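Below you'll find the structures, each written out as structure tokens.
Here chain A shows up in two complexes: once beside chain B, once beside chain C.
This part shows the complex of A and B:
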């Protein structure tokens, strides 16, 4: 089993490395080993610009998301902010929304002819923003990654208990002073960790820069990789492989760093106080200002783009001087039915989410259980294997799997079926899924399993009769979360897109390039509705959305 | 013939050697208590017997069956040892009812359905839980949960029952009742048992033999009375009861007796260990064996009463005698007047 897992995980990595040292596509007989691809890419001016932009975006979004995410976590967990109960779940929405959908929503809302831009122009004569700029991509990426920071910081804040803050309050410190002097040092490891995480996600960013950067020719590493395909006319696999290698060169150390930091912050959390009763700190007259700030963020990151998407999906056209009442329509959705590939895309997305998600969770659970029971060195090996896909952004992993399916003849027929997508998705989200399952396994006290052993149950019986029944709710929750993730996924499917392997995410990307806005908006709405349904069920069942 | 034989068991956990060569024997029908402070290795030893952890070396044998042997590499897995183990946390399966918890060991043994039900109900009746069979563990009190855990461990009639701090999760009042009940049950069912505890009262109440462990080694073993009355080391003396402890110097020895002196006091006591004149020594006496009297006498020190606390079944006094602070337990309040504390030489042990 270790072998199968290892092969599935390492083969895409191997093929990318191999391809990057060739001077042509690996399927051509005449290729030889060479460094020419590296030489070409590293000398390309566009590559340098893309690399620079990636750094700017990653640094900028980290600088924006970490302080705001930390502040948000403090406000929601620690203070008497009005409406905390419903703000909490709303905070998580951006995580499960597809970035392409969000980007598309922004284009419709605040793009050059977006409805907000038009309203603004009507009122003030001129809209002072330009959506198609590096700055906009950075700001939007920063705002949409606030929830990642929020999740880690809030769970740390929750785990610590408020007695330390109360002690400061008793000693006469004001709320601001407490936040600065007591709470902040406690969450510093969590902030540091989420900072590295967001920076890392900055390197992976694809949907946002693709849609918002394209009109002005702005590139980041991932979009540079994507555009390479049409650059030279011929399939320039070796160049793509080099860019993938460059991205991974930055991603792997960041993954490793995250792991180290998570270990550290975990240790920090485990020093938890006993009583976890929390008395919220009083914000006084700042209460409503704080609420306004949170609402402003929600409006900017969730309401605006979603409003854009929904509006655009139900109108025939949009532009200056168009009256809403005259253009309302449902025909974009009926139009979808005329294209078999679009219908297949919607069906595939749901099947991969529901069925694929279930099978993926079963696989993750199998690996996690084996690792959980085996206290051997193989457990360590799996532990490191699981890390590998984390260093491969979805776009790169999709490309790698595309090549694997080309390269390994016996599995080539699978390429045109959703199975190829499912394998790629499952591997890309392996680390996340494993963390969900091991989180559930951690809830099972070891002596419950040991008790079954001592009364004579075999290892298999322990798993079937004790472990699995005890984590069934955790498994159900993992299934829901994986469903959300799979439905939202877009970048992994880009290179695997073909007849039979359409999914909503990758269809949006390819249709966007052709300018089929009507269809893109309809697909986006379907995607959002699917995610919304999944999220509603998850929250309803009380699934902890935090990993 | 001994039922369980543990010999020279060693175990390392990380950098620390938790067990440094522990040996003991248990005869059929006997209850042995593994007593020791936390970190003494008692739980590690119990887990080694259960098969949940394997020692690094040594030998564990049950009747004529070798469960573990470091020399030959034998290590019977826990599920094949057939022992009963009651966990400190009880470890009842929360997704199964009381009856299902108790039935499970028979179920994995493929006992026919009718017999299985019958045997489980018998055991539940024996421990006084016949009305609770359909409940889930979280619907039971701590004491009831403990009984279910016990029922689950004895329903398949294991040759040996292992108990890990069986009473520590009960509150004080319940613990005393449970102690007597458990002892009575063990005797009625003729079970051989090994019981781990850090509480010397519990050990003495439950066990025929107490094995005192400290830092991975057997410090002393013997019957409860022997352990309490004739501790061989300072550690054993201090661990087995509540004591006054006096530090001083040995000034003279006379056969088994020795005189120990400190700042402004000198007392005769029994020499335990091999202290010689002029060596630093510690004298230990149980609180209840220190006596209060109104007149001076042999081996007495004048003392002033600092505090007296009434505890219902006894009085607890705190005296000061020079630099010494001495506690004394008595059954009734002492008469007024000047007080002298007497340290009967046979009860004052010099280590």
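This part shows the complex of A and C:
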């Protein structure tokens, strides 16, 4: 099993590395070993610009998301913020929305002739923002990544109990003082961890800059890579591989750092108080101001772009001088039925989400179980292996898998089926899935399994009759989350897209490029509705979105 | 409905075939029967499936024994897919139909294409085919497109010279309002701007005027049209008249001008790869696309028929009457390969970046 996991994970990585040291596509006879691709990319002014923008965006969004996410976690978990029960699930929505959909929604809402921009301009004469600037991308990326910080910080806050804060309150400290002096130091490891995570995600950002960077020609590393497809007029896989290698050079240390930090914060969390009864801290007259702040963020990150997407999906055209009432239509949705590949795309998305998600969870669970109770060197190897795909941007992993399926004869027949896509998705999300499962496994104390072993049960019996039933609910929750992630996924499918492998995410990217905006908007709405349904079921069942 | 016996259906079909109209493709009988034995056809195309749905339905009605699988993708993707699939010895498309004329010719030049003399050849212009391997199927004029709500009739430039003059004369009026393909990120955009460089005697000036108004560059025609419609941009150049016409049918605020000094004409080029598993079915489809019957539907889809015996608004015949000698079709042939030379390509892009001031 170690071998199978290793092969699946390492073969795409190997192809990319190999390709980066060639002077043409690796499958062409005339190709030679060469460093020319590295020379070209490293000397290219666009590469330097893209690299600079990537750093700015990643730093900026981290600077924005970490403090705000931390604040949000404190407000929701520790204070008497009004309506925090229903605010909490709403906070998670941005994680499961495709960035492409969000970006597209922003164009319709607050682009130069977006409906909000026009309203604003009517009222104040001028709209002072430019959606297509580096600053906007940074701010939007920052705002949409607040939930990531929130998740880790809030679960740490919950785990450590509030006795220390209560003690401070009894001693007469104000809420702000408590937050600063008591809570903040306790969640510092969680903040640090999520900061590294957000910075890392910033390095891989693709959907937002793809759509918002287009008009001003702004590039980040991933969109630079995408642009290289066309730069020389003919395929320049070697150049793309070089950029992928560069991205991974930065990503791997970050992934490793994340692991280290997670270990640290876990150790910190384990120092927990016993009585977890919490008395919320009083915000006093700041209560409503805090609520307003949270609502403002929700309106900015969820309501505005979604309003844009829905609006565009139901009108024939929009913008300056268009009266929306006159252009309403349902045509884009009926038009979808004219495209057999789009219908297949919607079906495939659901199948990959539901069935593929279930099988992926089963695979993750198998690997996790082996690793969990099997003390061996190989468990350690797997432990490191599962981290590898996390360092590969989805776009690159997709391209590599396309090659693997093309040139590895035994699996070639699978290429034009959703199976190829499913494998790529499962590998790309391996690290995330493993964390979900091991989160569930950690809740099961080894005593129970040991008890069963003592009375003579075999390893298999223990797994079947003790461990699996105990983590059943955790598995169900993981399935739902993987469903959401698979439905949202867009970049991994870009290069695998073909007859039989259509999914909504990659279709949106491809149709955006050919310019079928009507269809893009309709597909986006379907995508949002699917995610919404999944999220509703998850919340209904009380699945905790984190661990 | 009463059930018909298979024999009855066969008779009806036979009858339908014997009364085949004159506009039907002239494919040889043995090719058709070989194709029907193959039974299947995989098309890789850059043309939106929705645009050609009527065409595909008609093809299915004409050849009910052929199952056609239509896949649309972007032009680079199409090219990459073919060469990697051929290299892997895996199954590939049977029929490539792409608007990236240069890449199609490169495929033919690199010996990927199968030669087939279509019986429809006599109805095509001389420049529309190369070595019986690559065929131009459409006749798409390249236009200026503007937003009628926001651009006054007298402001609309009628030629490339007027465009340059308008932009240079009043850069504040047009700043951020003009859009075009990005030659760096779009192969078609690159092809079009290099043709401008060849045909526009004052190209250097025109290019600079684009820079002065901060032209907004995109990778896709849809993104440009969407933004012209919404008023974010108001005027676009080097835009396919075919797409603009299709958009105009939905949204009358789109205005189209064919420049009077010269109007480039692009084609969607078809070829049959040597690696095709269903070459005869591909031949049948090629003949169908070039036939009068197929071209009438091409015209209906606003893709502009290339045959001179097809009449209507969106046809070569109509354009020839309206614009005559100023139409400049890009000949299907090796002259398209010039800028696939990397050094030349990068040098052109460097000059372009300097002129429009992005570097």
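Note that in this section the second predicted complex is superposed on the first by the 547 of 547 C-alpha atoms of A that agree within 3 Å, B and C clash if a C-alpha of one lies under 4 Å from a C-alpha of the other, contacts with A are read in each partner's own complex, and residues count from 1 in each chain.
Quick note on the criterion: a contact is a pair of C-beta atoms (placed from the backbone, for glycine too) under 8 Å apart; a residue touches a chain by one contact, two chains touch by 3 or more.
No experiment lies behind these values; they were computed from the predicted model shown.
Visitor: Looking at A:384 after the superposition, I want to know if it touches chain B, chain C, both of them or none. Which is it: first, second, both, neither?
Guide: Once the two structures are laid over each other on A, A:384 reaches no partner at all.
Visitor: Looking at the overlay, what does A:256 touch: chain B (first), chain C (second), both, or neither?
Guide: neither
Visitor: On the A-aligned overlay, A:28 touches which partner chain: chain B = first, chain C = second, or both, or neither?
Guide: second
Visitor: Decide which partner touches more residues of chain A, taking chain B and chain C as the two options.
Guide: C
Visitor: Looking at A:235 after the superposition, I want to know if it touches chain B, chain C, both of them or none. Which is it: first, second, both, neither?
Guide: In the superposition, A:235 touches chain C alone.
Visitor: Taking the superposition on A as described, I'd like to know which of chain B and chain C A:469 touches: first, second, both or neither.
Guide: In the superposition, A:469 touches chain B alone.
Visitor: Let me test your reading of the model: by the given contact rule, A:498 touches which partner, first (chain B), second (chain C), both or neither?
Guide: After superposing on A, A:498 lies in contact with chain C but is clear of chain B.
Visitor: Have a look at where A:217 lands relative to chain B and chain C in the superposition and call it first, second, both or neither.
Guide: In the superposition, A:217 touches chain C alone.
Visitor: Determine where on chain A the residues touched by chain B overlap those touched by chain C, and list them.
Guide: Chain A residues touching both partners: none found.
Visitor: Which stretch or stretches of chain A touch chain C in the complex?
Guide: 25, 27-28, 45, 111-113, 214-217, 227, 229-235, 316-322, 335, 338-341, 402-403, 406-407, 412, 415, 497-499, 510, 512-517, 519
Visitor: Quick one: in the complex, what on chain B touches chain A?
Guide: Residues of chain B touching chain A: 50-52, 77-85, 87-89, 91-95, 104-105, 108-109, 152-153, 156.
Visitor: What part of chain A is in contact with chain B in the complex they form?
Guide: By the definition above, chain A touches chain B via 445, 447-448, 450-459, 461, 465-466, 469-470.
Visitor: Quick one: which bits of chain C touch chain A in the complex? Just the residue numbers, please.
Guide: Within the complex, chain C touches chain A at residues 42, 46, 48-50, 53, 69-74, 76-77, 79-81, 83-85, 87-88, 90, 102-103, 106, 149-150, 176, 182, 184-187, 190, 216-227, 229-232, 243, 250-251, 253, 339-340, 342, 345-346, 358-359.
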